[in-house]
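For clarity, chains are labelled A, B, C and D in written order, and residue numbers in each chain start from 1.
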């Protein structure tokens, strides 16, 4: 298969998806116990989109994501312990506790970054791609954004400029069928959002967002295109949001009938099946066991880490030093 | 021909196009003599777009336009004298001299209004259409906007909502091939902008913007669709800007070679030819003569009108009355 | 009178005004089926239907501009912007559209729309979901800005805002929705825009506050009372047009002022209050006006950091003591 | 030293910095082939090519956000926004993006971008093309705001802005571009951000002004001199971070202050100056600080109306006389 992930990469995708899932499951329990702060946005069922897409890129490629970015953080290679520490508001978090779970960043591996303003990821990645083009680098930038974000004006402006200048950027539209509490058809008159690519002179395509191998392939191909100087691609990954909008979601609008078929297509199950055929059940089980150890250790350490101490941030201030 | 203008309507379209042309020619001369204030944006060569489109609507339909709106003002039936008075900053102008040539409005005939923020016309008309739908009226709203405006984010948000809610709105994209000083291909990777309609689930079509009869027909059909409750339409009128961006344009980027073929396709000439075949040369000449009289009178009276006297605008103020 | 939560008082105002006037309609993200993320529009879609209560795409920029022209063409739109942090997306529609046409087309159009939003910090929503951008809004000519604190004012001011012929920005606060209080029932409970409320009168120092900061100011007054300081607490209620008369009267009595707003300090709303007092009350002042506002930096997420930046009763009391020192 | 127009001084600064640092690039509407509607980037596309000088679509909102991330990934973008009236379209990128990440990701990224724009009225451009929205910008943490008046400062501050590790908003004025003055040549002419300039020193009253209002303040000082009033005129040059030391020193000397800004009065930049003086110089003041700014209404088009609202020398002189009365 062209641009297919190696077995090693498939193992790693599987491992990172499990890390993400367990990270969120544990956070979900803690949230119910009142041990977390602020809303948490889980991506259960969407792990393949963020993880496989990031795995298809280089470490020095740039990625940005949304309020629902745990799979992208882990997928890009961020350390679970420092992710948890940030979410728990600790000094050792990626942003020293200043950012919280929606705004993580790790510039050292091109993760810049999470963003809680819907739509903001598109110009962010486009700006990174502009920087890449001006500096004549062979990097690629990718924005992961939602079906809701696709309706924002800034998405249009960004894709138009990316198409116009043939910027090395990938627009990965993660269509989980909901923007907050309303279904996509309440937000847009068309079902397949990728067709808008034609209006920006760039290729647009649809992929099964619950199939990690398929995800990896389309992103790898789009990245190759971008590196060849052929410009931007819009990819619509069809998937589904299994755990509600956030921990503060009162729910009641996602029916079991709607969710059941998607539960059967759990991306982690799909990748486990593929991998079992390749490396055997024991090896697959071992990946899960190691991931579990890592995530438990991440929470144990992060929760033992200190909280930051407040200091005024002088560079943000309004008066010149005297 | 379906939705074709009657002979009476064609006479009126012709008359209003000449009024617009002469209005701008006279303003152009005065600008050179330093007798006008601020930049003036002429639509020479584009008269058919604004005039015929407005003539295809009812007086109680809503229309809004851009910084380059003289043809729309006259087309919607605004009085030349009060237009000139506003442009000359007089008390008798449509906005008492407060607005200037980019911001004229006459709510009594649904002209609301000019707008100098590029892109602002699309949500403006969409909001009027929303009002029409909420009030269950059979009116239609139309936004006339440019190829440059089509790249703004607000255009995307507006067309998406209009398509989603099947609002009675017409998006009339006046493609004069330039956004200020840069050609459309410097602003967008695609040539035919109307194809974006597919991304909003609405029909999109292209029309010869220099042919008044064709303009009238497509707008009349779109208005009929809207009144039937079938929603929005995106119409791209291909035309060309003959007189530079504005009176402050230093020019030098529109070549004679580029302009010549368009000069041959002057919409006023085209309508004169059509009309001559229908009503004879004398009648056509008479329309021109009457228009000339009207415009001369408009300037004579407007220039004799008084300037407004400044008063603080209390409703805009920051403190409550004591 | 009925005991209600702040959110319920808003809901009642919306229901009454929509019943009273068929030209009133609402649109915004998740306000319909779900009833709004803060449940302010709960039940309204069932009652008034999908044409008058609309769930929207995420398009704040266009929606705000649409409210402007919908208002100029016969309806009274109420737009909900989920977080005040998204107000920057609405700015062009407010500054270049709503502000302008009321003056330019005076006599031709009215612009009766209400933009409801909620701001403020304290619960770990982070730098993009906890801001108070009051001064951006209060800077705009032709636009009124109100910020009720009590459920009674929430209802009365919302009804006044919906009936007002001009654009009104209606500022709520995420920590006020569950606040309970007595609320007058019925159509005639209207709280006039442009009138401040004396929360408690005092003779030593005037504390002028907005939105949730009024509650902090009341707590500060209790702390000050322990030291025998008799503070007057004034809830401005309307940020624009400002009730200058009430400010003058209070300072004429106390000769000391503290101004409190949750937004950033520099060019913030508290700065205008200080400058307004400078303009009109200088000779009555025995000490400089004390500003209590958000330090000029982004709002951090972690609890100890966030709680350190948000203005509170202790900071207000300390400012009052400085004024009186 | 060379005699240049303000626009030429900016052009020279851009040329020098782009020559010096290949990571500097410019983008904006009509800045390339045409050289910008005010001709500030004239000739630069021919010299530096279409990759580093880009004509753009009309997409202020995305472009501003793109400048933020381009700056975080190794380039030094210079974005031209044609009119300050379009700043509302840039606000989300400034308030929710640029402002936030310098603090959140401190140590991980720098954000060296410059946003150049021009504002101000007086030439009949109308309500949507004549505003000064300084206070919106100066309210934002982590963003610097400068507004040079002389060609020398225009060049020196632009070079400083381009080299600064933080976002800098560079405010020009449509009536300054043709102003001529002596400009030092060469790379080392840098005017530090955060330092005010004493235009003329005086002992009776301090006039603090920004952008073109500095010229009006100088004219006002001449009018006042005729009455034997010795005014000190201070060009703040940097709106944020503000040079507090210069303000304190001047008021300690004159005990009277007039603050001038072309933006709207309420919640405007002049309000912050008044509040800052209240905070830091109250005991030195013999009279209230006088605010001279735009009345709180949209800017009209017709000449007699527009000229009536724009602050000018006569209004500044009158304010100074009131302060000294």
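We adopt the following convention: a contact is a pair of C-beta atoms (placed from the backbone, for glycine too) under 8 Å apart; a residue touches a chain by one contact, two chains touch by 3 or more.
These numbers were taken from a predicted model, which means no experiment stands behind them.
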Partner chains shared by subunit A and subunit D (touch criterion as defined above): B, C
Comparison of A-C and B-C by number of C-beta pairs in contact, larger one: B-C
Approximate Å spacing (C-alpha centroids) for the pair subunit A, subunit B: 45
Rounded Å distance, subunit A centre to subunit C centre (Cα mean): 36
Centroid spacing, where centroids are CA-atom means, of subunit B and subunit C in whole angstrom: 39
For subunit C paired with subunit D, centre-to-centre distance based on mean C-alpha positions, whole Å: 30
Set of subunit C residues in contact with two or more other chains: 56-57, 59, 61-62, 85-86, 92, 96, 99-100, 103-104, 127-128, 138, 141-142, 240, 242, 266, 296-298, 300
Junction residues of subunit B - those touching two or more other chains: 95, 98-99, 103, 115, 117, 151-154, 157, 160, 164, 186-188, 313, 316-318
Arrangement of touching chains [line / ring / star / complete / other]: complete
Residue numbers on subunit D that touch subunit C, as the complex places them: 61, 85-86, 88-89, 91-92, 94-96, 99-100, 103-104, 127-128, 131, 133, 135-136, 138-142, 240, 242, 263-264, 266-272, 274-279, 282, 287-289, 291, 296-298, 300
Of subunit C, residues touching subunit B in the complex: 23, 25, 27, 51-52, 54, 56-57, 59, 61-63, 65-75, 77, 92-93, 96-97, 99-106, 108-109, 138, 141-142, 166, 193-195, 238, 240-245
For the subunit A and subunit C complex, residues of the former touching the latter: 37-39, 89-90, 93, 95, 97-100, 102-103, 115-119, 148-149, 151-153, 179-182, 186-188, 248, 250, 253, 307-310, 312-313, 316-318
Touching residues (chain side subunit B, partner subunit A) in the complex: 151-157, 160, 163-164, 186-190, 193, 195-196, 198-202
Subunit B contact footprint on subunit D (complex, rising order): 29-30, 32-34, 37, 55-59, 61-62, 85-86, 123-129, 265-266, 295-298, 300-305, 308-309
